[in-house]
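Common to both upcoming complexes is chain A, partnered first by chain B, then by chain C.
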Partner chain A sequence: MAGLRIERAPSPVWVRSLIPVFSIFVTFLLVSVLIISAGASPLQAFYELLIAPLTKTSARADILMMATPLILTGVAVTVAFLGGYFNIGAEGQLFAGAIAGAWIGTLVTDLPSTAAIPLMLLGGFLAGMAWALLPALLKVYLSVDEVVTTLLLNSVMLFIVSYLLNGPWRDPVSGWPQSPTIALSGQFPVLIPRSRVHLGLLVALASAGVMWWVLARTRFGLELRAIGKNREGAQFLGIPVRSRVLMAALISGGIAGLAGVSEVGGIHYYLSSTLSNSFGYTGIIVATLGALTMPGAVLAALFLALINRGALSASRELGVPVYLADVIQATLLLVSLSFLLLNRYRIRIRR
Partner chain B sequence: MPAVEMRGVTKRFGPLTANDGVNFAVERGEIHALLGENGAGKSTLMKVLYGLYQPDDGEILVDGRAVGFRSPADAIASGIGFVSQHFALVPRFTVAENVMLGHEGGARLNPRQMRAQVMIAAESLNMAIDPNALAGKLSVGEQQRVEILKALKRNCRVLIMDEPTAVLAPQDVEALFAVLRDLQKQGMSVIIITHKLNEVFAVSQRVTVLRLGKVVGEIATEATSPSALAELMVGRQTLAVERNTDHQRQEPVKLEVRDLKLADKRGGLRLRGLSLEVHGGEIVGIAGVAGNGQSELVSVLTGTAVPDSGEVLAHGQPYPLGQPKALPNLKIARIPEDRLKAVISDMSVADNLVLESLDGFTRLGHLGRQQIREHAERMIKDFQIKASPGDLVRTLSGGNIQKIILARSLGQQPEVVIAAQPTRGLDIGATEYVHHKLLEQKERGAAILLISEDLEEILQLSDRILVIFEGRIAGEMSAANADVQRIGALMTGAGG
Partner chain C sequence: MELSIESILVLFGATLRIATPILLGALGETVIERAGILNLGIEGTLLLSSFTGFVAAQVTGSLWIGLLAAMLTGVVLCLLMGLLSVTLGVNQHVSGLGITMLATALALFWFRLQYGGGTTPPALDESFQPLQAFTGTPLEPVFSQHWLVYVALLLVPVTAWMLNRTSFGLRLRSVGENPEAADTAGVSVYRVRYEALIVGGILMGLGGAFLSLAQLGAFSHGIINGRGWVAIAIVIFGNWRPGRVLAGALLFSFVQALQLRLQASGIALPYELLLALPYLLTIVAIALVGRNVSAPAALLKPYRREG
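Showing the complex of A and B:
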């Protein structure tokens, strides 16, 4: 009898490292259909999306700016996912960090930047941790599914932000639903003159670097990875599973909180509900596409920023909708997840 | 003409032959026991009959006609039913809905008719069962009866029951047997897979005994005796009595287990007051049919389960129950039943070798990568592991994975070794290596508790043999006076 059968068979390492490349390729094939139906040439569109932004200095700077929050949320999600904790709540944790950053930012008028900015970052990290604490405790002690709790807390956070901005924090000067502007000393310095690339980029790269070291070179990292790969085995080996997972969830929340501070201190200088363009959710794509590695997360964040920036010019030049970038990102996530799954199995024709 | 006949059925899984030219026949209106130790091939044979596996050789006849089952659907269509140990009921459906599921007979449901049909079927078997009850709220025994009703609804004429009493409380066992006898009166054939001798005699008319995938006997139940069946089941073996027993028992007790009790999630007692002692320089083997508390005993001793009562002492000190982390420091080495739960397959050999004892390889939380690598290279050499430190464990053979576990546990000069099924699934070379390492630890003076389903292995290595039955030690003997027939009887609850 002939038929299809799916077998478990892990691919060799070199195939696995090519998965992101395959995923991107297949995604662009799929997206071509949409581009054609929008009345544009796919090749031209891909040129505008992927190449054109790299040829202009200002666009290159934009990419770095746009990648900054994605690196942070990508690193945050990676840390949690590696420990087998599926933190879908980076978006809410980002806003928790943004609230803390905006609040501390208005209080530091008398401090120099060298004190004000670290204080904001610390506050944002702690706020992100605090927002991640409840679902982490529920998961570790009561086995409540963290996917559900972290996801739903994102909506709760949006309402808190909305309450703050329409209530106590409404800008007294303009009356807009945005918080008062933070002190000058809390505003992040610009790294590249005449661009909006700010200190947040260094914070993001440093977070990725530190977390790479923690995961690869410390006992905590080794044990966390062991838990993520075989929880039962880790338990057998005497690894304190609960405390390690709890810690990973909190660090993840803290780093997502840094992304919020970075957007407040580096771009907007106030809290608003449009502060994040779903950076927390995009962090999941970044982490997945980066194959849960730190260098991978940084590269994936840069790549997604490139597409976002490219979509702006593509829509200007070719008239394709700017939402093309969102479609590409979503397709990319689905394709890379499918590849990751297929990579663990093999389809065989049975006779 | 038999209701079902299997002729020369062979089923292989890779290098393992689970069924080897098996002939098996069940008459109409007969309760037929399929007896054998775990791994004898009983379940495999019945899965072939039910179409879950395709045989590599041999044929199946139903009512004298040759059939080829490609899936259970084919087997069901030929009137074969299978009640597995794991019930397939929808907990939130009623009994009637569960029974009728897949046989609604049209797009529109007729709940009243469904209930009536189920009632009639239940009454014909003297089953007291409420068709409106939710399946999830029923007791295990009742759920099993619903499974039987499901099979009947599919016009089953040969019912296979896979270890039906394993999940039942004693009072439910008698009720089940009554149902089976009623089925028999209606002309149905029943095959009951079991490794319990008392059940064979309680309910069956004929018995087929499997050992190592082959039929070793087919007898009318009334023409045989428990001891004869026990002997068929475990086989006669010649003992390799070439063993140094000089320093046996001269060393003090290093592992002591007192009155251990442990209940499973359903509340059934898996360990019922188990006690044992192991001296230094001694291997104590625990023989028994799987499912009599071995796994639970291993879980307690390897720190993954906490007993409800009782105590364990290692060299006189209370054992850190439920704290696997504390065990290596107390010189307790663990070789668990499921080796894939003791390694992280997606991590490297080097990492796996140190995960249990990271204290020695970290300074202020920072890993000594160089140290870890050197340790791995040393262990790979000492334990002849065919791998390099950076290889992922998942790419290694079972024997090499077991060597990693041996290196990790025995490399620390243990005082107590808990070895559970240490050679399961290994080839001859790797098996000999493991045996050699265990004997080496014994010579060093370690106390070794060997839990194995492989009786030959127990006889070969142990200085003393304990037989476990239903969560207790049912008997003890020194290796010198080991008597296979007596062990077999004790294992199956037939001896005393």
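Showing the complex of A and C:
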């Protein structure tokens, strides 16, 4: 009798390389139901989401701007996940970086940009690392699950930000819960005239490039990937698992911190609690869609930014709530997680 | 703030009210985790069930239908968690977070469709009202609570009894501790895990509904505001046992109630730092206890039959 059989062996390469295409297709099929429920035509909505933003110069620039924090958090999450360290704390680490960036940004009034901006980036990187340190230490020395600790520290960080903005850092001029504006020399230069694409994009691409090189070409990268694939095996081979995982967790926190500096220095020029639209959590989607590779993360971040920008026009043109973008991203994550099983299993037709 | 018996009793009353949705969520999470699944979808599950409960109550005019809709939403989202983590065996962390993201996005999407972009939260004409008990006595603020508060408290021994004294509980714990042995003994691991998810989903649905149908009688985007993450922390803090989970929920809620009280009385205090305290305490507790001691042994591990 004919039937389907699931075997524990990787699916053929052509199937695996089509996983992103399958995932996107199935996601849009599922989301069509919602679009119809909102009284719009799915085809028109997909045009607004995926094509329309690419036809206008200003929208293309918006995509680059919106992709910037997502590239950084995606790279951050990828580095940690590759080593088998599930850093869910990028959101908190991003805010740690934002706090450092906003603080240093107000101190650098007398410095030229060429000194002020690197200082802010360095401070943000270190702050993100510092916020990632405790869960990483607990993980490698006490085997405490990092997911719960990093998740809880995200909430703690939100309280710290709220404390700063309602207390010592409340803007004395406006009285709004936002920190004082950073010095002009700390504000990132704009890369494309008449747009909001800022230096942060180069920082993000450089981070992705450097981490690609580190993971692909250095001993650290090789060992980290070995740990991620098989922790016990790596230990057996004499790889210093603890220090490698610790390092990956700290780098991950540091890069997430850069995302915070980039939003402060490039977009807002002050710290606020609405600085991040869940960029840290979206980083997990970026890393998963990008199949834990650096080029993949950059592409995934650009794709999600396209959907975010597209949802704005879909909302304006068709009246579909802008949260459609969030629905698509979450669905895409769950669908592609399921399809990624094809890397480990294959389906055969049994006769 | 004056310290009188009355003010302390009011504080206790507030503690119970604040604890209820967290306790319901944490009990649901306990049941699910004891079966071997970490459900990080809880935050979104609370939000979406609180929303569907609200909408169903408003559309039908029946709070009971609202309650039912909320529980059904909890079950559906937990079944989705089951599809991903039990049937497909996908990474539980990422699938749970994905469900939170999806449920949150759906709640916000449908909210916008239903109520437009207004900033004032829609409210129910009629919501569940607190029971009247000990009226006119100092005990009134403690015991005049919504009936769901009492249900939540009652569910603590019920859950403990179910886990420890029933054959369903035995099977549930066995698939959470040693699925291979349970399977050999003829227990269907998948089936029991799905059953645990259904029970947990009902509890989470009740937790979400309590906020929108009883305590607030309204819905807003921030209605859950991290309560799901608190529940996750409390389950660990409570060592996966309903009684201790209750203790954790009450402790957390007492700090919250105290903080609100201090804030209202105008005492200048960095209350955000006070609010962060329970989270830090949980991290310390996890570090001290070490998660290997009492966490269900098969937590986070998808079960696959060999062969």
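Basically, the second predicted complex is superposed on the first by the 334 of 351 C-alpha atoms of A that agree within 3 Å, B and C clash if a C-alpha of one lies under 4 Å from a C-alpha of the other, contacts with A are read in each partner's own complex, and residues count from 1 in each chain.
Everything that follows uses one rule, which is that contacts are C-beta pairs under 8 Å (C-beta built on N, C-alpha and C of every residue); 3 or more make two chains touch, one makes a residue touch a chain.
What you see is a predicted model, and the numbers here were worked out from it, not measured in a lab.
**Q** Given the touch rule stated above, what does A:Thr218 touch, chain B (first), chain C (second), both, or neither?
**A** First partner only.
**Q** For A:Asn166, is the partner it touches chain B (first), chain C (second), both, or none of the two (neither)?
**A** second
**Q** Counting residues of chain A touched by each partner, does chain B or chain C come out ahead?
**A** Per-residue touch count on chain A favours C.
**Q** So in the superposed three-chain picture, is A:Gln187 touching just chain B, just chain C, both, or none of them (first/second/both/neither)?
**A** After superposition on chain A, A:Gln187 lies in contact with neither partner.
**Q** Report for A:Leu142: first if it touches chain B alone, second if chain C alone, otherwise both or neither.
**A** In the superposition, A:Leu142 contacts chain C only.
**Q** After the superposition on A, what does A:Lys229 contact: first (chain B), second (chain C), both or neither?
**A** first
**Q** For A:Ile239, select first, second, both or neither according to whether it touches chain B, chain C, the two together, or no partner.
**A** first
**Q** Is there a shared patch on chain A that both chain B and chain C touch, and which residues make it up?
**A** On chain A, the chain B and chain C contacts do not overlap at all.
**Q** Mind pulling up the chain A residues that touch chain B in the complex?
**A** The contact residues of chain A facing chain B are 1, 10, 217-220, 222-223, 225-226, 229-230, 232-240.
**Q** Could you pull out which chain B residues touch chain A in their complex?
**A** The touching residues are 70, 302-304, 323-328, 334, 336, 340-347, 351, 355-356, 358, 362, 365-367, 369, 394.
**Q** Tell me, which parts of chain A touch chain C in their complex?
**A** 34, 37-38, 86, 88, 134, 138, 142-145, 147-149, 151-156, 158-160, 162-163, 166-167, 278, 281, 284-285, 288, 321-324, 326-327, 329-331, 333-334, 337-338, 340-341
**Q** In the complex formed with chain A, which residues of chain C make contact?
**A** 38, 40, 80, 84, 88-91, 93-95, 97-99, 101-102, 104-106, 108-109, 112-113, 226, 229-230, 232-233, 236, 270, 272-273, 275-276, 279-280, 282-283, 286-287, 290-292, 300
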